[in-house]
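Note that the chains are named A, B, C, D and E in the order they appear, and that numbering of residues resets to 1 at the start of each chain.
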Amino acid sequence: MQIAKVRGTVVSTQKEPSLRGTKLLLLQFVDEEGHLMPEYEVAADNVGAGVDEWVLVSCGSAARQIPGNEHRPLDAAVVAIIDTVSVENRVIYSKRDQYR
Amino acid sequence: MQIAKVRGTVVSTQKEPSLRGTKLLLLQFVDEEGHLMPEYEVAADNVGAGVDEWVLVSCGSAARQIPGNEHRPLDAAVVAIIDTVSVENRVIYSKRDQYR
Amino acid sequence: MQIAKVRGTVVSTQKEPSLRGTKLLLLQFVDEEGHLMPEYEVAADNVGAGVDEWVLVSCGSAARQIPGNEHRPLDAAVVAIIDTVSVENRVIYSKRDQYR
Amino acid sequence: MQIAKVRGTVVSTQKEPSLRGTKLLLLQFVDEEGHLMPEYEVAADNVGAGVDEWVLVSCGSAARQIPGNEHRPLDAAVVAIIDTVSVENRVIYSKRDQYR
Amino acid sequence: MQIAKVRGTVVSTQKEPSLRGTKLLLLQFVDEEGHLMPEYEVAADNVGAGVDEWVLVSCGSAARQIPGNEHRPLDAAVVAIIDTVSVENRVIYSKRDQYR
């Protein structure tokens, strides 16, 4: 999985019928030091992530292992909202601090 | 999924028989600020996207989750025509404005 | 799918038994303006592509959606020989012109 | 598989229910000479890897070939803790030396 | 598939039980002119490849299409030892010449 920051949303009316009701978030990848990278991904969200939160995104067929997504043409999904990222026992990201 | 702009079409007569009747679009990827990137993808289109429209493209086995594509040797498909892309509540792309 | 030019062939005697009888082509990717890129792929060919022809190559599990390839350890296959590539109604490649 | 060094952990409360009980490690890729690269991956760990150990990480659907992971939306998993890496009969990494 | 040169081996004791008995080779990718590239892959080997030989490596779910690998968490496998690579009727690699 990659670490990404929720940046926004993508809305579409004319789409594969199976995608109706799927919330699509625009995610921007974050490097191992917490900086935003140019790479982004549009991913389905079932966990209720909001703008600026850090999430884990799973790509490929993993996106279809989420109940309800099994037969949707999705190649990326948010699978978790991150509480903390620790590197060698140092916390480099904490959701709580983010919102203090 | 990635955001891409429809640039053109690819036509082929001599091909895998299962690809007969598949419309193939040439898509060019768009970065998170709306600029065209060098990366492109040739993708099957079932949603009726036209040149210059922004679309969402799903890659890998996701392309075969579209009815009719299940057994086609496709690794990319257009899954939605984008209405709007919003980043932090700012609309960075709107199909309506595009065609005003 | 990616657009690639057939550059040559790869021959192997000692291989997975299921690959016997599979023709393997060396393909070099082409960018959206028709220039050769450094990236290449060795792909199975069932459509009869020849050197210098432009083809579409499908990567990943798509390569095993071709009759006969279902259980072969292939991650790339030629799925079509390209007749024309058009960008915004301008033909940037035509097989017919290529061989005039 | 890629060679990676365990750098830390990622913790999440709000996530896909099927991910409960999955330990998530932050891995940083290592190049063929043993240097850390900027690329990282967050991967499920079932083999009990610890910080600073070198591991093998499998990406894509391979991550779901591990008992218990079959239906989890995972695209990366630690599959082995590395004892030695040898290049042309020269040992470039040995777990034993690492901890001497 | 990609063309790679066998550079060495990776040994692991503590691993997914299903990987027992799998020989893991360290492969370094080769570009279309035969030069070693920085990218590498650790791949399962069932065809008996040795150091310095050129091989074809299949990535992703293709690695599990090899008898015995079906349920192993592998994302890369050696599928062939290369005899010759020809580009436009010129042989750029020949195993026989390599060992003369």
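Assume a residue touches a chain if its C-beta (ideal position, glycine included) is under 8 Å from a C-beta of that chain, and two chains touch if they have at least 3 such contacts.
Predicted model, so just to flag it, every value in this text is computed and none were measured.
A.B. asks: As a multiple of 5 degrees, what angle does the CA superposition of chain B onto its copy chain D give?
C.D. replies: Result for this pair is 145 degrees.
A.B. asks: Averaging only over C-alpha atoms, locate the centres of chain A and chain C and give their separation in whole Å.
C.D. replies: 34
A.B. asks: So, what's the distance in Å between the C-alpha centres of chain E and chain C?
C.D. replies: Using C-alpha averages as centres, the distance is 21 Å.
A.B. asks: Among all residues of chain B, which ones touch two or more of the remaining chains?
C.D. replies: 60-61, 63
A.B. asks: Graph shape for the chains shown, where an edge means the two chains touch. Line, ring, star, complete, or other?
C.D. replies: Chain contacts: single closed ring, each chain with exactly two partners.
A.B. asks: Circling the ring from chain D via chain E, which chains come up in turn?
C.D. replies: Chains encountered around the ring, chain D first and chain E next: D, E, C, B, A.
A.B. asks: List the residues on chain E that touch chain D in their complex, please.
C.D. replies: Within the complex, chain E touches chain D at residues 7-16, 18-19, 24, 26, 28, 38, 40-43, 51, 60-61, 63-64, 71-76.
A.B. asks: Given the complex with chain D, which residues does chain A contribute to the contact?
C.D. replies: Listed in rising order, the residues of chain A that touch chain D are 1-3, 31-32, 46-48, 56, 58-63, 65-66, 77, 79-90, 92.
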